[in-house]
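Look at the two complexes coming up: chain A is in both, with chain B in one and chain C in the other.
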Partner chain A sequence: MAPRIQTRVSNALLPLPHFLHILILILLNSLIMLFTIPFPPILGYGRSPDQASPTNGAAYKHHIPGETNYLKDARDMDLTDTTRPFPNNRNFISESVLSEDLRNEVYVRVVEKKKSLRAVSVELGIDMKRIAAVVRLVELERRQKSQGKPMALPYARAVHEMIPVTPLAEQGERPTFHEPINDLPVHPSTGSQIFYPVPESRSFTRVDAGRVFSGAPAMENERKEKISHPSDLAEEVMQNPGSIEWVGKGANARQVLQPADVRIPHPQLVQLERDRMAHPNERRVVADLHAQRLKRQEEAEKKRRERAQERREKSVKHVEPVGGRFDYRIQDAVFTKETVGVDGRAPWAPGRRYGVPTNDRTRGTVKIPTRVEA
Partner chain B sequence: MRNRASNTLSKGKIRQSWSKYNLYNLQRFRSPATANRTFFQQKWTAKAVSRAYHGEQVREGQWKRMFSKRIRSVYPMNTADLAMDDGSKASAGRGSGLQEQGKPFHSRLVPYTQMAFAPLERRLDVAIFRALFASSARQARQFVIHGAVTVNGQKMRHPSYLLNPGDLFQVEPERVMYATGAPKTKFERRESRQLKQKSEKEEEAETEAEAKPEPAEKDEKESAKDTLKALMAQAKTIMSTDKDVLPAKRKQELRGFQKAVRRVLSRSETSTILTDSLESQFSELTLMLKATRAEKKPKDAKKSKDQSATEASEETAAASKKSEDEAGNKLSEAFQKAAEGGEVDASELSDEEFEVLRRALTQMRDNPIDHSKPYATPWRPRDYMSTFAFIPRYLEVNQNICAAVYLRHPVARPGSAEVPTPFGESVSTPAYGWYLKRRW
Partner chain C sequence: MVVRIRLARFGNKHSPFFNIVVAQARSARGSKPLEVIGTYNPIPKLPTNLYDENAKARPYKEIALDRARAKYWLGVGAQPSDPVWKLMSMAGLVEEKPTTYHKA
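After this line comes the complex of A and B, so read on.
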């Protein structure tokens, strides 16, 4: 998936036909060129002044709309690498951003068509967190536009001309996937190398490897026989997150490391692939199975969210005095060893405690906020 | 905190800045020599070089407390591979998979040490710089301290606030335009001074002009035609692609155009339109233009086009109006109508001409000449900005409102690291090694 450069400029205010986008682009280009004062050609180099060379920075002064203009490697000027801003660092790539049209499309699909984040993420190849952020930002943009707050439109246009942009696929075109959506976070407990002897006759799967890494005893044979593939666990965990085993005691307690099939953001795609392998050339059957599974998982998730919300609401008592401006939320303090410490006077315990000075005056205490409620 | 972050050419340190001196330093930077130097010396140099870029505004002790030797990384999984194998293939044989002939497993290395300074990317000032809202991390810091930045809608005055995944930060668009826009020339600065001095006089003159009686209405149609023609001529010069037109000339034309638009608007029935917002002025102007076009419509239809074509176009116009009413975008609706009406009429203003006029108006509205602004107007990006323009994946940025969301902490993946650093592994590995050892 090579990042594509946006060749058309979008303007949110004016839905222009396609050829006009290009026209504006050309015009903007010429506008920018006007401000270029070409450097006198350097003798002895025989290059035109616009060409980048180790002694000539004129080429970097202004951007060319639709192209990146990053520093070229002085030792290898012919290297046609347009995505690396730092010539010394081969590991950093300037990755594409969502075009304005694509952002609006995400918003339309999530808010107006009421599709789930998960579905939109798979359709457009955008990370779920990014989709949530895009919806938030587009909503904020619309609100600010309706309030008549100032916007930085020329700036936004210029930035989108300078950096790689993932365009919105046009009608009948295959969508360009923006980023890999099934990233598996590397778990810290997998950092160590473990020598674990296993008989060759025994099949050692990802489920077993996870148990070894988290120091859990091997799974019983009866249970293991029920798991035909590690992705079977994904369904189970999705329905009941409490089903994950725990090992260790006290502060050392940890959940058993689950196989990659469970920990990736879109476990349902593995199951879809398995369906495809089980039912080759039966697209309808596969699609039905997938739709059923998605429905089941969404329902389970919804139920879980509702239950959590209910529990939260149960613990908080709302008091609204008549004619008052405030809504008091009263929550019972829980006095256990964990919440108030052994002697009941731990610094994180609720309320003021006699004989315990407040922490904010002690030296070296950081007083800047650690989080801001949204 | 005193700013020691100068871009000296003698030392040649790389900073988080878009300065042209910094670009020069970046271009001539070479990895420090390692021959005949002890490991301690190599690490010391690597640390010094990379700290000049990564969080030079953060005290060394503060950074040492932030440093974490654990580096976040991800591995993109292929669902087809996962479905195919339950892992027993990879652990077959003697524990490292059975050798398949002619298909060795290749995986790019994860550049872990390039992520040594990842904790600093969480800082609010650094994130603002990375989102291209400020031209240097120092400037971003100043924006925060001066109260131009909000986090989740609340003003945040601490540049060292560590963003949490999901935090939305926003900078005032005016500040961003100032930070990323080209600076004023001395002539523009003089003009803004003069503007300030003249403003009172102009106000008086305007009130006098408004008090005067309107000119006779009989030649209004003629004059409207002339104004339209003059407007067109000026709009064409503004939007022309000719490189020979000097910026000063272009600017003069733009200003003339602005005046002409005001003249047209002053003829409108509502007297408040001149003092209204640009948005309403704009829609009023287009409405007036549309009116002139509508007058000619039936005449043309009689002359050349048959009635059915006009009806069809009207129908489409009605349909488009309906759909856009739902969208509630009044401005674009006016445009759409005007543009669609244009297909019928070709005698006075051609489609292209109308388009040029429309675009000139849009540009005038979106990117006007305004000497009261602290940056050069019309806005253009500052020199050498494109060389530094990139947005890392852990941020999702909306440039229109100058807001961004910190999605997650930066991660490394096979073959790439998300922390933007100008140094290669020959610098970052010894620097990471320096902080691994506890020296305090």
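After this line comes the complex of A and C, so read on.
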């Protein structure tokens, strides 16, 4: 059993496991010295005894930044390779993380300069989801700081030394892109191979391919003629997401698969590239067009979010009883054949079911929350 | 026979959850009701996304209710039980029941 530690030391210095290891090491050392057995020399370990302080373990407490204070004469190990924080484990390759400066810059641009996530993501080459997460976490950190809670700064510093870090670009420097930002996950309905004969005289674009994959009838010619490039649809969909058609009935209803130009995280970049091709030597014009488009899209998105929020709030009545300990939120629900199924037992229906096993303990059931409410 | 609007308990031990149901008064609590018109989760939840300005928000309990069906059943004479009466009075469907005690 590990010795019980009675002394209370601030955990601001190191996270608990390390702190425990060091204490145990020191306790062991003192035990060994008590029985007058000399500290056994370990081959391959750094500091010579004259460098070490009387308690030996103290030599390992601080290290020279950028290198370890043990594992000094290992010849076949590449200690400079930061993608491998554990040089002996060749299979452990670390992805890079955001540097402190970069993550603070993300927060400043989004919260203080009020730029959109989309714009910041393109500027810094960071995925939009990561931008959102960084903003949340920095917010949390600032709140904890203001509450005077301790930060595990030495731990953070040590981890940042061990693994590759994406730095913040200096003024006038080209930014290092942290990760690809416009990746498109494979849509499951594109997994099947479909043999779909098309006459040569007919134009067949990504828009049509999407309709074939989702089993929708071909688009009318009138509408089709208005689309000069699949990316034209991106703005329309962003302005009005309800404009995407539906096919199928009941449980089989699904939206028509949109072309990749619409589904990628940053569809405006395709349009920017097309503008560049259309106006090859007019950078100002291209930049203006892009700025206008971004502004338009942001406004549309903001309006849409507000409308959705309004709708959500309208369906919930907040009741705050006087003298009670709790508030009540009364949500409007509709218990009809459509919402609860013919027999009232549809799995998506609100409330609990009669005569249907709950299956809440079957293997693979996710019980923890899977998303954060915005 | 009287038709009542009452709560039917679901959920496991120590984690109650109620369906608000319309049922014959003499039928068992767990039997299949005439209709389910809502749910009531008596376990209070803390609001998420607490920022400094609303950090002292009170915990809340969730009710889901089909108002149209509730009004219909009240209209044809279904009688809410006391707990359901309390919930429905908060939703503004029935008058609050007079209390026999006075709050200090």
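The definition used in the following text is that the second predicted complex is superposed on the first by the 238 of 374 C-alpha atoms of A that agree within 3 Å, B and C clash if a C-alpha of one lies under 4 Å from a C-alpha of the other, contacts with A are read in each partner's own complex, and residues count from 1 in each chain.
Simple rule for what comes next: a contact is a pair of C-beta atoms (placed from the backbone, for glycine too) under 8 Å apart; a residue touches a chain by one contact, two chains touch by 3 or more.
As the structure is a computational prediction, the values presented were derived from the model and not from experiment.
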| item | value |
| --- | --- |
| Partner chain in contact with A:Val262 - chain B first, chain C second, else both or neither | neither |
| First (chain B), second (chain C), both or neither touched by A:Arg352 | second |
| Which superposed partner A:Ala333 touches (first chain B, second chain C, both, neither) | second |
| Per-residue touch tally on chain A - higher for chain B or for chain C | B |
| Touching partner for A:Asn69 - first (chain B), second (chain C), both, neither | first |
| Partner chain in contact with A:Val97 - chain B first, chain C second, else both or neither | first |
| Touching partner for A:Leu233 - first (chain B), second (chain C), both, neither | neither |
| Touching partner for A:Arg325 - first (chain B), second (chain C), both, neither | second |
| Partner chain(s) touched by A:Ala58 [first = chain B, second = chain C, both, neither] | neither |
| Footprint overlap on chain A, comparing chain B with chain C | 372-374 |
| Chain B residues touching chain A - in the complex, by the definition given at the top | 20, 23-24, 26-29, 31, 70, 72-80, 82-84, 86-88, 91, 93, 95, 111, 114, 132, 151-154, 156, 158, 160-162, 164-168, 170, 173-174, 176-177, 180-182, 239-243, 245-247, 250, 277, 279, 331-332, 335-336, 355, 358-359, 362, 366-367, 378-381, 383-393, 396-405, 407-408, 411, 413, 415-425, 427 |
| Complex contact set, residues of chain C against chain A | 10-11, 17, 19, 32-33, 35-39, 44, 48-49, 52, 58-69, 87, 90-92, 103 |
| Interfacial residue positions of chain A with respect to chain B in the complex | 11-15, 20, 23-24, 26-27, 30-35, 54, 57, 60-64, 68-71, 74, 85-95, 97-98, 100, 103, 127, 129-130, 133-134, 136-138, 140-141, 144, 148-156, 158-160, 162-163, 179-180, 182-186, 188, 198, 200, 203-209, 229-231, 259-261, 264, 266, 269-274, 276-277, 368-374 |
| Chain A - residues contacting chain C, complex | 143, 317-321, 323, 325-335, 340, 344, 350-352, 354-355, 372-374 |
